[in-house]
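One structure, as structure tokens, below. Some questions next.
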Amino acid sequence: MTNKTNPFQGSLFQGIITYPITPFSVNGEVDTKTLSTLIEQLINSGSHAIAPLGSTGESAYLNDDEWAEVAQASIKAVNKRLPVIVGVSDLTTQNAVKRAKIAEKSGADAIMVLPVSYWKLTPDEIFSHYAQIADAVSLPIMVYNNPATSGIDMSPELIVQLFKSIDNVTMVKESTGDIQRMHKIRLLANGELPFYNGSNPLALEAFAAGATGWCTAAPNIISQWPFKLYQAIQNNDIVLARELFYKQLPLLEFILKGGLPTTIKAGLALKGLPVGEPRKPLQALDDVGNKKLHSLLKALEEIA
Amino acid sequence: MTNKTNPFQGSLFQGIITYPITPFSVNGEVDTKTLSTLIEQLINSGSHAIAPLGSTGESAYLNDDEWAEVAQASIKAVNKRLPVIVGVSDLTTQNAVKRAKIAEKSGADAIMVLPVSYWKLTPDEIFSHYAQIADAVSLPIMVYNNPATSGIDMSPELIVQLFKSIDNVTMVKESTGDIQRMHKIRLLANGELPFYNGSNPLALEAFAAGATGWCTAAPNIISQWPFKLYQAIQNNDIVLARELFYKQLPLLEFILKGGLPTTIKAGLALKGLPVGEPRKPLQALDDVGNKKLHSLLKALEEIA
Amino acid sequence: MTNKTNPFQGSLFQGIITYPITPFSVNGEVDTKTLSTLIEQLINSGSHAIAPLGSTGESAYLNDDEWAEVAQASIKAVNKRLPVIVGVSDLTTQNAVKRAKIAEKSGADAIMVLPVSYWKLTPDEIFSHYAQIADAVSLPIMVYNNPATSGIDMSPELIVQLFKSIDNVTMVKESTGDIQRMHKIRLLANGELPFYNGSNPLALEAFAAGATGWCTAAPNIISQWPFKLYQAIQNNDIVLARELFYKQLPLLEFILKGGLPTTIKAGLALKGLPVGEPRKPLQALDDVGNKKLHSLLKALEEIA
Amino acid sequence: MTNKTNPFQGSLFQGIITYPITPFSVNGEVDTKTLSTLIEQLINSGSHAIAPLGSTGESAYLNDDEWAEVAQASIKAVNKRLPVIVGVSDLTTQNAVKRAKIAEKSGADAIMVLPVSYWKLTPDEIFSHYAQIADAVSLPIMVYNNPATSGIDMSPELIVQLFKSIDNVTMVKESTGDIQRMHKIRLLANGELPFYNGSNPLALEAFAAGATGWCTAAPNIISQWPFKLYQAIQNNDIVLARELFYKQLPLLEFILKGGLPTTIKAGLALKGLPVGEPRKPLQALDDVGNKKLHSLLKALEEIA
């Protein structure tokens, strides 16, 4: 593949961007030691970047101190071997700015921002939220659209406006699962805004449509499959990519439907790395779910 | 109206339950002095109960200290003249429990709980969330369903199950704006679970369907109209209630569409009580909105 | 109730507008003899108007000859004892015009028009469709909005525009079940456009909101209940109306959910008037449904 | 590509299945002479099959005689040079069976069936509808799912059940535009049920996901682009396919949004083949639309 077909060949972030869960100890405290072990595994599996404190990392359920602890422990564990993108989303602009500054000071390579809110936000309110965070740091910003969790849906038009108007907005993670959003972003930005797919069951088609990367928690428990799929795409072999995709699709659907913290934490336990339960009101995966997950992992030869 | 037609005649909470906004000072801090002034006005206008720290109160945007400050200041300002129901919703079960205990200790008469979350919750997770909060206090609990802000939608079946299984769950505030939910709750609970309407433009029909009360922020800026409507309903005069409803409907639609903290705060300023701006990313009402709101208030003779 | 509270007191169509099913013989042909018997029952029960060839009348499944046969037989059976409104909807404008002319020539008092289509229609296309039908006849036209069956959703704005721009558009039947549509129509038309409710489980609230009538197939099988409800509304007694409404609500929900031709035809058979099955692909109500329907009719004392 | 990666290599229908519009004369009658000219163009452009009387062919707006005339004229025009699949959908089962028989007798190679209805159909009703049509003919049947026009949405589970239970159901055209439906069909049917994409803006990703063909009206006006895209897919060159797709995407979105009969007929006129207007209530494309369409065709070098 030449630069002509993929102008983001040289981007810092491309390929498989992996989202670690946040391990908790038995009494519910953040467990940075296990987090380091997990990150080591993710690097060894072939991740192209590490993204702590995303939806998968239960960022929304952590208090400010815990959030900072996870950000700093993750950056330290990666230790500059890969680029790190830290989720700094918060309900108030003030606190998101504060987190962005901590991320920058702690050595993050980029930050990811989801405009999570309680009341619906107008496009102007969303724009100002991003602008104020962007002003506070010099890091590249990945705009993150995930209305299913955040309750805020950003149109492709608004996303491209953020990219064109704010210097350090340089990437967008689209998690609606709607491939037409990616088409629209590509057309509106003349192909200059790299988009990343955040919806696991859309991985094949997002790459077909030209996604620069796949933002996914799947490598936590299926260490090889996302990387093989990406390699096939890099080799312009859609026939092989399709075959690899359909093999992992049942697992990808399962973790989406069951909630990423819940299912990924269960999968790690099944694979021998206990990471605790998700924080309440989220609950651990039940027995039926665990059996199903076990069989899905076995079918992919990720478990004995 | 006899007890036969309204079995909740004797309930603590009925009629117009008023939701005060949370005033902020110029530098963005909670302003409890102005809050007391506002609550005094709401009591004088004829409110049947006061409900601080709801959606209107920007509860979601306050930190724990601010939340406790508003809870205590509100209870103190009401000073037992009316029942007080305090919103204790939080993203984690642990923090919602903590807030429930503070509310009880501070003298609240009831608490309101919205199962706000980031990841979607299963019915089991929602049930446990309520059960744990209910276990921690002896106050009556108002279940609050508002998927447009919380992202969690509780079916009438689940709501009635909470009522039947958990002793101190005794009321439900339905804010979907779907009258069929109220019908379903009434049929499923054999009319024993009092339901309250939280969708302003549904006020007339919710009362027609048998709602025990109307949970509303409107009395902050239209001091007389909701009470007159309720009085007509009490008098079994739907013809007059309809007339009163249609008069205030344009205002009710405006505050819903524009966001309650944004529009109510603007309305209070227009009426001569400055209460500061909503917390960012929420923004103050713009000029066009202020002009529209002014004309709506004038049409209702709430402003000169 | 005075003219002041209901400016449509003198309208031709108000109260309970009843929609007869179209009976078929064993070999699937239109059975006008049974249709006459049914219409006689509907008049005797207290209907304020009769509306053949609506959704309930399986108009969409009849060929042109059958349609004309039912229109003429219905008008003849009513024999000017009540006003008759005939559904003339068809997929093409040309055929809808043809049916409108037949209805007028046959003695209909008004026609009802649903903009049913296959491809979505623009507001302009819908407007022209109505304008051409209106030009072809001098009868009053009831605009009918029912996106769940027709696939075309008309906004309150468009409906009021039809009313203001086309002389013989004088009524609207709203079947979305969304009470806010009725509010909007009332506000946009300054209360001058009479609106009728076509969603059975919304009957109580539509009357509360000021509906001039209830368009319903329910009187085919529950001969007394809709009339009693309307009487209570006429008496400005919402407490009694509510009580009557909740009693019949389970039946109203059942016939909506099961499809009107399917459930109403089953109910008529249960009550002793066999009217044949709905036309395929629609199927007759199954055993479980028949048992449920029987118990609902029994609870309302409509069956022994 | 080998048989292993595409088990339907030998299917009768694969590649670009082209849907001709139905030309009308100035006075609105079916114009079979122009239809023959159009079909000749479509064959010359490289179509792999011809599919008259689909949604694009305004089948829903034709009476029975017109429908038969178009079916027979199309089959005659193709003259066995390509396989022909005839749309036989109708609102009643009886008439759909009748059309299926006419199609078979007239020499069609397959029929396409959309369960169009007025009242929502249960899965049982849909199944019986297909079973009765299938019993009446020995032709292969393409199940067609297009809820946006038909109002009936068939789940992947139901579609696969039709395939497994009814012998001559051998293909499915999925037009929801939801790529996850195709994934589900592939997984549920173990890859044995060939699926075809009917949503133009999904063309690239449907092929990536393994679609056997693309059912499209686009070749009526962009003679080369769909074929080039398919060729790239056949060559396992997703990079080239992506480039070709994005070039034609604005045109594909335009014809979807504007309605296929409306926009395709306008495009044919712009390219020098007048085919009349769509049937009312559908209207011809307006001036703004024609200008936009002209520029889109020019950008694709389909017009001078």
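All chains are identified by letter, namely A, B, C and D, in their written order; residue positions are counted from 1 within each chain.
Just so it is clear, a residue touches a chain if its C-beta (ideal position, glycine included) is under 8 Å from a C-beta of that chain, and two chains touch if they have at least 3 such contacts.
Keep in mind it's a predicted model, so treat the numbers as computed, not measured.
Engineer: If every step must land on a chain the current one touches, say how few steps get you from chain A to chain C.
Structural biologist: Minimum step count, chain A to chain C: 2.
Engineer: Among the chains, which one keeps its Cα centre farthest from the Cα centre of chain C?
Structural biologist: The chain lying farthest from chain C is A.
Engineer: Hey, how far is the Cα centre of chain C from the one of chain D, in Å?
Structural biologist: From the centre of chain C to the centre of chain D is 36 Å.
Engineer: Report, in whole Å, the distance between the mean C-alpha point of chain B and the mean C-alpha point of chain D.
Structural biologist: Using C-alpha averages as centres, the distance is 52 Å.
Engineer: Return the distance between the CA-based centres of chain B and chain C, expressed in whole Å.
Structural biologist: One centre to the other, that is 38 Å.
Engineer: Find every residue in chain D that makes contact with two or more other chains and list them.
Structural biologist: Answer for chain D, listing residues that touch two or more other chains: there are none.
Engineer: For the complex, which residues does chain D have touching chain C?
Structural biologist: On the chain D side, the touching residues are 28, 55, 60-61, 91-94, 115-122, 124-126, 128-129, 132, 148-151, 259-262, 279-283.
Engineer: Hey, which residues of chain C end up touching chain B in the complex?
Structural biologist: Touch residues, chain C against chain B: 1, 5, 177, 179-180, 183, 186-187, 191, 201-202, 204-205, 208-210, 233, 236-239, 241-243, 246, 249-250.
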